[in-house]
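Quick one: the structure is below, questions incoming.
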Amino acid sequence: MKKRFTSFAFENKWTTAALLFLTGLLIVGILASWLHPFDPYEPNYEAKLQHPSLAHPFGTDYLGRDLLSRVLAGIPYSVFPALIVLGLVMVISLVLGTLSGFYGGRLDMLLMSVADLFTAVPNLLLTIVIIGFLGFGMENVYAAILLSWWAKYVRIIRGLVHDVKKEPYMLSSRVSGSFGFHAIRRHVVPNVMPQVLTLIILDVSRVILTLSGLSFLGLGAQPPSPEWGVMLLDGKNYLQIAPWMGFFPGLMIFATAVAFQICGEKLRSRFQLS
Amino acid sequence: MSKSFKRSAITISTILLLLLAACSSQTEPGPASTNKPEAPAAKRITVAVTQDSKGDRIDASTYNGARAVHSAIYDPLVEFGEGGKIGPGLATAWEVSEDGKTYTFHLREGVQFSDGSEFNAESVKFSLARTVANEENASLEIARKLDKVETPDTHTVVLQFKEMATQVLLELSQARPFRIMSPNAVNPAGAADGEFVKPIGTGPWQLDSFKEGAETVLTANEHYWKEKPSPYKLVFKVITDPQARVLALQNGEIDIAGGEVGNIPYESLPIFENNAKYKIEQHASTMSYFMVINQKNSFLADKSVRQAINLGTDTSKMMNGQGADVSGLFQSTVAFVTPTNQPSYSFDPDKAKQLLEAAGFQWNAGSKQYEKDGKPIQLRLVIQTEEYPEWKEMAEIFQSEMKNIGIKVEIANLERAAYYDALWTNKEYDLLLYRTYTDAQLPYRFLTSLFYHTDKTPGVAYQDAALTQQLDGIAKTTSPAEQQAIFDRIFARLHEEAMTVPVYYTKQTFIHSSKIGNFAFGDIEDNPVKWHQLTIEE
Amino acid sequence: MLRYAIGRLALLVFTLFLLTLFVFALMRLAPGNPAALLLQGIGAVPDESLIALYEHKWGLDQSFVQQYVTWLLELLQGHLGSSFVTGQPVTKEIASRLQPTLLLIASSFIVTVLFSVPLGIVSAIRENTLLDRIVYGGSVLGLSVPLYWLAILLMLGFGVLWPLFPIIGSGSANHYVLPVAAISLIQGAYFVRMIRSFTLEYKHSFFMEAARARGLRRRILYPSYLLRSMLIPVLTVVGTSFSGFFGAAVMIENVFSFPGLGTYMLDMIYNRDFPAIQGCSLLVAAVIFVLNFVTDLGYYAADPRVRLDKQRWEL
Amino acid sequence: MLEVHGLTITAKDTNRVLVRDSSFSVDAGETLCLIGESGSGKTLTGKALLGMLPDGLLMAGELSFGGEVMSGYGKKEWRQVRGRRIGVIYQHPEQALHPAIPIGRQLVDLLRSHLPVTRHAAEASARAMLDKVSLKDTDRLMKSYPFQLSGGMNQRVMVAMALLLKPELLIADEPTSALDVTTQSEIIALLQGLVAEEQLSMLFITHDLLLAGELADTIAVMKQGEIVEQGTAAAVMHRPKHAYTKQLLNCRSSFRFTSEEGAYLYVGNR
């Protein structure tokens, strides 16, 4: 397995760059506390809204806090939870999507109607209730995102499973009486995985942006959290005065998204070959 | 083109058409509504507002619709002047009986409603009766205490109250709900409980057209009695997003924005400063931001902690330094506030620490917090940013200042409904950033609604028997001198018990394009600008 | 086919019923009391007596089941009760705000599909060329920019610095240009990525290689062989995007101050106007379910394996 | 007919050699069997003959077909050869046919890609070809989809499609490995008949030595990308020189029996 990984890592320069960026994120995210040049939370009124400079490569925000430190401190609040949420969404929707796509019939009907239910309910309402009910805290915001996202994935995965189920080799394996679960594990999942992986990779940045959207509607992370989505929202208010306040968190979200895309793409092609 | 391609293209397009049909099956026939062809003469002055003004349901006896539109259409009997002085409105003179139960108003002659009908005692009787009949207004003093309304002649109205009423003139001067509406505005005409038809008032404007969620258009009332009616149309355009309002000002889709009615975030002001195309108008307001204290919290029950918090708050840092003049809960523009009668806590973090230590709090060097028998001082500050976006920055500044005096503050930026739930019902806050009311509702109505404390109805912001007694005293006298003496003691009591944490005195800020001339602020914040005096210079 | 459609419709009605119950319960759980909020809005003190007055007027003092049953009976007679905030019947309010939203969603849907489906396919066919890289980069950028940011940037760019289009309200046709552009770019980015990866998947499938091995001409190979096999995945992507479009419309309507269903719904949720929220979610859900239903029919038509599952050759 | 000299296929990024310096030839009307275990490069060789190597692989060596050198062909030239002068059939016919397009249409599309024929004429010759591969009820078959047909029927359709344009060479890449034993022998019989009747030369790729022994005029044995032994069928089957060929011969089954049609029925060593 080791040889496989190194070949994967240094296959081409893009993948290497992406992997380096992600490991960098991981390391800084974990060791963040003593890595920032400045304190990400302490206001410094003399240095309000300063242009990006040598002292402050990303400039400063409306309270004079160094944006580079805040962006670095924001990693554990933005990237890690996004991955956890996506992991959970993937597991749930894979299970439900496969079951309903593979077995069909009443189970499929029921799952689809519940899925339709969750896609149709305005997810703002859902989020307000969850946060209002479970109280504040980022895990509740993520639970809300989870609840409103799983439905879409189940529907897509069901469509994919539908495709795979019709493939001839699937017919032969069912004809030969292989037990449903075995067929799913050996045939359906490996075949659906490449598409599901693409799906999930696509949505890494969207989870962070959904958070930013929720903060736009007054439900996101609490001040003074350096979560990227919230910083993006603050940046919008200072668009014409201090454009860097929105630009750099946005740039980080973009870079993270690109890195995940590249790794995901390469992982997916590896999936296909093996 | 091979057959197979045509076939698959057809399949895809049919599916798309099906989707489109399903989508637009509910749309009403007719093309997208384009603006009505503009009457060539009337040029338009466009004002940005944050919410739909529900122009077609602005009934003078209710709180429906936007305050600015309400006060542009209807006039009050008496007007609210600087510092709470009551001036003549539709009533030229008035007398208040010794026992405060009889108010006699002498009405202005020769005034007509916008539909040409006569303004007289009958129309005043109709308006007041309709407002009192509406149970939603039950909490107002006039609605509670009014006995009957007599009209000895066509231009005199006498209000008889069951018991002494001291807030009559203030309530009459407010934007809602006691302004005067023509009896023809309801069906059947003149019936106090008639069905509302169309807003007809004596004010400078009348309703021209209304497009829900988009705009309310007013035209001048040619019969306006006070000044020359405006030659232009006044358009209140709904723009919900603050940045969109800034951009709409920049590209000329709106001419005026700001104040409470269409606020422009203060951080966007630099875009318009020293810019010839725009003019920034500023005017003192009567509203101030302050923090409500929850006495149930174990730390906040201790007066020295409340005082320490006041001393530790550097209000000069708020809103980029504009908060420097904060001293006491009410601004100097509020009625009964004199330069000397409002003691206040000036910024002194060391004194704050001394107070905490005197009250038995030990400094824990490790957590850099004060604690008492092992429990560090931790407070939850609840705010909302939907109506007041600037509160987020203020909360963060407050948080860091409290850290300097060893108090840990956790900010909870709640969604609007959850915020008001916390304030009015479930009390899940230690500190809550709120704001005072404005103009005629200050100081008495604001103080009674938040600080009046009885066993049956506990005080919302603070529960203090002495303050409640003083408020009762106000209700027993109509003489300004006596009321002033009581208010002096009330302000002292507010300060002495450190019942609130004043944070910022608001200012009314309007921005308009420089082609709009003769800009003048109105008498109350609900009627912020004398719209009818505005001119358009080419 | 008919039996399948009827079964699906019955399921749809059942799900709608489930939805109304779900939204009804959700609103009772949400924090915030409609009466207190209304009183707060008009500057009165929300004390118990006034709150009780309103709650009685709106029937909120009845039990949950009672409220739901009365609401359901009213629904069957075709009206959705009247809004707390304005007192107007909800049906009238929704009707007056429906057109801008539907026009916005329909036009952005068409624009998105027209530009992103072909772009996704072409960039997959011309894999690893310059075009593919640009499309790849652009779509990732589209996936990393929040919708409200893009909307503001478009307003600044094409409404202020280079004033080509109006930026407020839905007055005339060119009021729709920037909002539709904002929605289409974001949704388009997602479509392009999905369609491109599906096309790659099918492009490398065995029957395409066999077809090339038979020397089939490109003019037949791509338009019909590749496209025909793409029908199902395209439907999957399009079929699951409707609620995404509506979510985007709510956000865009708020930034561009569109007098549509989006702003209305957001206001009503903030004011906890139960009948209005109930009515809107029912309508939105109905439209989304119908569109999902149409997509399923599309599956049926597009995939012969589903259609002719029963007619197998018996040797 | 088909001359291959020094064919070498290497992977671009890891430059691993997949097929090393292989040379063989197929004369007109003859059948060459290319034998080797899976992964020995036999399928890759088949793809190289049609210029269908997946990108990421490099081809060296000289290919000539009917006297013309093909190694330097561009896309356009290859398209003239594929399907028209060289036909291909695969192991999984139902995957090689488009799942959502009726069989008739796929045949007509093939014809119209190469010849300026009207739709009607194309359908007629398609039907004729289906008869030729002894498929019954062609009208209904033309409108059916691959998933509706059995494995054997699909393979017959593949053969019909491969021979529709009267190619000179047929490449058969393990056409019978996925079929049950009876269908397998029917397809083999069909191929033998067509080769004889059409004077067709065939490159038959398989891992089944016995099947090769029965079909082939000449046999080439491939091991890890290299042709280790080449010669007439009789020579290779009875007087194998290379140890690997002997090993392949020994592990064939210990018993066989004869079915009515005289085709050998045996249990192959999968």
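Worth a mention:
Order of writing sets the chain letters: A, B, C and D. Residues in each chain are counted from 1.
We take it that a residue touches a chain if its C-beta (ideal position, glycine included) is under 8 Å from a C-beta of that chain, and two chains touch if they have at least 3 such contacts.
Note that the structure is predicted; figures quoted are calculated from it, not measured.
With centres taken as mean C-alpha coordinates, the chain found closest to the middle of all protein C-alpha atoms is C.
The pair with more inter-chain C-beta contacts, choosing from A-C and A-B, is A-C. Rounded to whole angstrom units, the spacing between the C-alpha centres of chain A and chain C is 21.
Separating the CA-averaged centres of chain B and chain D is a span of 85 Å.
Work out the mean CA point of chain A and of chain B, and you get 42 Å between them.
Once the centre of each chain is set as its mean CA position, chain C and chain D turn out to be 51 Å apart.
Chain contacts: chain A has residues 128, 132, 166, 217, 236, 239-240 touching two or more partner chains. Shared interface positions of chain C, defined as residues touching 2 or more other chains, are 30-32, 152, 156, 220, 224-225, 228, 231, 235, 302-303, 305. For chain D, the set of residues touching two or more other chains reads 92, 95, 99, 101, 109, 112, 147.
Within the complex formed with chain B, the residues of chain C that make contact are 30-33, 36-37, 40-50, 53, 86, 93, 95-99, 102-103, 105-106, 109-110, 113, 152, 155-156, 159-160, 163, 166-173, 176, 219-220, 223-225, 227-228, 231, 234-235, 238, 254-260, 263-264, 267, 270-272, 287, 290-291, 294-295, 297-298, 301-302. Of all residues in chain A, only 41-43, 45, 48, 62-63, 128, 131-132, 136, 217-219, 222-224, 236-241 touch chain B in the complex they form. Residues 7, 11-12, 14-15, 18-19, 22-23, 26-27, 29-32, 136-137, 140-141, 143-149, 152-153, 156, 190, 193-194, 197-198, 201, 204, 232-233, 235-237, 239-240, 242-244, 247, 250-251, 265-266, 269, 277, 280-281, 284-285, 288-289, 292, 299, 303, 305-306 of chain C are the ones that touch chain A when the two sit in their complex. Every residue of chain C that touches chain D in the complex is listed here, in rising order: 206-207, 209-217, 220, 224-225, 228-229, 231, 302-305, 308, 311-313, 315. Of all residues in chain D, those touching chain C in their complex are 50, 52, 79-84, 87-88, 90, 92, 95-101, 109-110, 112-114, 144-145, 147-150, 153, 161-162.
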